[in-house]
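So, here come the structures, one by one.
There are two complexes below, and they share chain A, which is joined by chain B in the first and by chain C in the second.
Take a look at the complex of A and B:
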């Protein structure tokens, strides 16, 4: 009986006293959509810029506040993300939460410094910051990037990042780089990590290159919004070491079985009339990587890539469509072009970077019984740079769009 | 009961005096005491003019007596289907109360009851509360004889038994158990009989009251007997081996034992083709989940797990909540309560005023409440959704279960979010599994798993239904 009484008193007490912990009403929170981090003069102190979405603009038709801005920028100094949110609360009325952060923008200066990895180390312990937020490296200061990025059509900031990153990732010109991937790769200490590169300050000298040979900033783009997402920043051991162009990024994404790539349209050399280009939609299947590991000899890595091409335009009007021989020629030539392009980049990674951004270390791990063995064999320093890599591109399907023959321009001109 | 052993006297006038005092003749305006003097002797008739068929009375009782020339015993004389000889006054009174005509004869120690009652009741009408589009339309009415005749029409067999059990005393009412003799489990039958006999209250007027007297856990949230007004539903259950309880004055029956599934099944599920029927089951199953959990999940997510919401929706919620003065929990409670008000008023309101409810409900509580910033539009949607979904319940009894459970879950989720919500769901489910209805597990045949028609979440092709619900322990398990 006494026990029962104690229970009757205690159980409601537990519920009443501990109930509603962590309860936060939605409208009492300020949702940060993007965080920018910059290096400051002082070591290990960073400038955090929070881009906060204003829910009242553009979200609801019932209570529009026409004079409010869709976003607010707050910039504070701090040592890590969480303490910075508290500091920012000195000017923002609502409680700042990081749980809806879509992008974390790092200035390339910070990315190249040794402090970067120390800053990133504080993130996983921050329960709020979701690890599927994208890491983006901006060429200028992240604060400037956030300030000057003024998209015209997507006034609500989260929508802009969502559409921008999704579309650019689909075409492969920037990689998918959630924070979680940064930790996997950095802590795995075997591969290189690539993060999207962006800028709001295009360079002055702008020249035409093939559509994906740019990095952010040198695209000859004219428009009101100067923002460019192109190429990627290459991280080795948690530190940025170089920039990759859009083309190199596409190759990396294509060779990485863990990243998916939608189709994209690119130009290829016309094999019979090298002055012209052929535009085609490229779609690669997931690559098949096999590693022939020789502990004492030369390791060979085989990468088989099946891809399909839908040719859209052949400005040279060479008849690849109905001429079997020419079509065979085109097929072989395209395979060769891709192989050359890829091999060139792989050579760079082996010689210059001494590591690969394709996450291929996953495929060698199975050859070791213990983690110690694997670490001792040292994929990044010993195996990969010396490995022989055999690429095998196979064009599984070549299509020519809706037309059955090229129009005869000679007769038209006549 | 002092008249228990009162015997019938040979003296007609003594009998007349006795009955007239017992039945307050002269005060009771419809009690008729009529002497008859025929060629064969003196007779006296007693009856309630309001409960007997007067046409039959004059044609088949009075005129044969008056025109008889020889002293033939009354049973041979009267041309009525039922005639009973009564030995003592107790029986006489019972017969009179049941609406029979009681005839005394001078010099006879026996009285006779001619069964020509004409108790008024509603005609057979369409089912009001359990509607179907495809399937029979008739519903039970408030006359036991009519109801049993409908059941007999559906189960014409010598095995269909209608057994009467008397309960109460003032007046004693009889409960009819309808079952199939070689199917129904005798243990369950005994269980029901025992519970019926143990009712000590002096009056149980109808089946709805009876339900509360014989169910195992009167305080439980879950009904353990299926209440149905559809004869087709009742006879389907009887044919499976269930037992149906019926009473006079009730336009419904009780089906026992009930499992949780029977509350969610509509007879139409079986009338429709298997795919259509299952589609409708699927819609209903989703509706139950919506009505139970949608408000609770909304509270849990918005208050505790806002990272789960897509940012567009999150900002939309935040924008609409910006001007609402109360927390989400109170906001949801206000709207749920308002909806319950509309529902309650909708039932009680006289039908000429019915349309008012629609206007008040839709306009005032929906739109105006949003415009006045008392609730946010999303909550209105959620509450409307959960309210609408609760109406898809195939049975009215379970409707209350769903509605009350919803409030439990709402309160639970406001404490610790999903953690407490899951805790509440767990306790609720554990309770659900522990219930028994007349010795049969409430969740069977899902748990404990037994052979059955496989008619729980979804049903299978009728041709493939091989077994009767074995959890009932029917005497014959094989259907085919």
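Take a look at the complex of A and C:
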């Protein structure tokens, strides 16, 4: 009987009390979906802009209050993410939580400063901010970016970021850059890190380039939402050093076995009629990287990439489809085009950046038994910039869509 | 209702041994080991196993040879009551210190990760209360509960390991020896007391319908535990790189935060917390029970279950001494483990020698 009494008292206590001190009602919380960070005049003080989502708007289960906005922006000064949330509470009624943060937007000015890495060091010890949030670099102030980014078709901001980033990642024009990856690469101190580049202030020049030769801002877009996600920011040792175009980002993603790239549609030069382009869906398999490491000589890196192309349109109407010779020519030419493009970029990384954003340091590690030996060999300073890199592109399948032969435009015109 | 005497079977011990030893895979131990060995952290359990296996097999052999004894009785029988009691006390004290430090460690984890506003003492009390209630039901009940939760926990483990693979980069296991083979072996030797639960479990040698069940259960359970520990550590090493792994205090929870389930379920960490929490409750219930059992056996107290509550208070008081989690983990726990490792590595050999001498004298 006594035992029963104890049980009756204790068990509900365990269930009820354990949640008490840390109870948080969903209604009393303000969920931040995006944080923007800007540099200020004072050293190590940053401007944090929180984009808070209103969970009542846009969900089908609750009938929305008609006058509530789907989001709210608050901007405060602070030294780190957590203390800034408290300061922001001076204007937001609910408790601000960072648990649902999907993107952290850094202005490129901050990313290029020395303070950036110190700010980032405060993140891992923060329990709330999850390391799977994406890092995005905005060309203008992050506060402006958040203010002017007004997607027309996605009212709910968290869905907007998720869809936007996922789709752009699939096409390879921006890289996958969770915060965790920033730490692995920066702390590994051997490779370069790339983060998506975005802007809401496009430049005025409306110049056509091949679809992936842009960086954010110079895409000749016309539309109500000015936001552009294109290309990437290149970080070396926790500091942004340059911008990469969409094409260079695609190459980086393609060469990095740890990043997955879905297929994307791109234009290639028509080998027989150079004025025209060929549109094709490109799909690369995971690259095979092998390093022939010579401690005292020249290290050679072999990169084998198998890829597939589904050609969609041949505006020049050259008969690549049924003419074996021409098809073979196209095949070789495409392989060469890709190889040249990649080799050009690799040369830039070796000479200009003295490091690679492909996470290739992973592949030389197997040549060492201990970390001391590996760090002494110094991949980023000694091995990579001097290495010889041999690219090998192999087109495994070339398809031509659903037509069997091109219609003869000469006869049509006639 | 009359309970059948000694109803424990292989499967209960299997799960208990597995959870007790295996939970090392999901606490701060990998972070502690990685501080020395970096990405070769997964080789340390293997090294420890190599060192521990001879002593453990010897102990099992002795228990088999001298029937009708459990761990404490065997030691007292072979070494005489004075020296035997001394050694038993030494083992008991090591286990006691380890449970105090480990409990504090787990409480801090729960506190820091899931209930940041609650006070440590409060969580400590609730945690101990749960363990006390579970433990006071006896080994049979804990065994059944463990077996009951086994499918759920197995599912959690496999699920997290499977999800972890999407973030894993296998090339990160290179350089294969991390900070060096020497470091791995020293760590394996020094920290072999991490697995002292295996020895402590032999106190229950007589609690089984047949000793065969016990042997089978402990071999299988510990084997599974070692397998999963190694696999978990390997996963941590390839999910976090060598520079990051030593900074991550709670690799299990950190892994659950990084993984996502496709587009829709991006924050799934809470799901993995439940299995972890159940597992830690079970582990400490068994641990507490075995500890008090050892105490009871040394001082010939029966029924020893009445000592559970005083021990809980003692643990709560001693566990609250360390000023912070980092002191508890890095200064105290690590040093203590290094000091008590030789005891567990060597005492079976002492017993064995005594057993040989005794056998010769009798002949």
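Note that in this section the second predicted complex is superposed on the first by the 390 of 414 C-alpha atoms of A that agree within 3 Å, B and C clash if a C-alpha of one lies under 4 Å from a C-alpha of the other, contacts with A are read in each partner's own complex, and residues count from 1 in each chain.
By our rule, a residue touches a chain if its C-beta (ideal position, glycine included) is under 8 Å from a C-beta of that chain, and two chains touch if they have at least 3 such contacts.
Only a predicted model underlies this, so the values are computations on that prediction, with no experimental measurement involved.
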Tell me the contact category for A:22 with respect to chain B and chain C: first, second, both or neither. both
Between chain B (first) and chain C (second), which does A:114 come into contact with in this model arrangement: first, second, both, or neither? neither
Chain B versus chain C as contact partner of A:99, first or second or both or neither: both
Answer with first, second, both or neither: which of chain B and chain C does A:296 touch in the superposed model? neither
Applying the touch criterion given at the start, work out whether A:374 contacts chain B, chain C, both or neither, answering first, second, both or neither. second
Quick check on the superposed pair: does A:53 touch chain B, chain C, both, or neither? Answer first, second, both or neither. first
Counting only touches as set out at the top, which of chain B and chain C does A:189 meet: first, second, both, neither? second
Which holds for A:90: it touches chain B only (first), chain C only (second), both, or neither? neither
Which partner chains sit in contact with A:124 here, chain B, chain C, both or neither? Use first/second/both/neither. second
When the two structures are laid over each other on chain A, which of chain B and chain C touches more residues of chain A? C
Chain A residues where the chain B and chain C footprints coincide 18, 20-22, 99-100, 102, 130
Could you list, by residue number, the parts of chain C that touch chain A in their complex? 38-39, 112-119, 122-123, 126, 129-130, 133, 167, 169, 171-172, 174-181, 240-244, 247-248, 254, 257-260, 263, 266-267
Applying the document's contact rule, which stretches of chain A touch chain C when the two form their complex? 7, 10, 14, 17-18, 20-22, 99-100, 102, 124, 127, 130-132, 162, 166, 178, 180, 183-184, 187-189, 258, 359, 362-363, 365-366, 368-374
Residue set of chain B touching chain A in the complex reads 302-304, 306-307, 311-312, 314-324, 327-328, 370, 377, 414-417, 420
Residues of chain A that touch chain B when the two form their complex: 15, 18-27, 29, 31, 33, 53, 55-56, 59-60, 62-63, 97, 99-100, 102, 128, 130, 156, 158-159
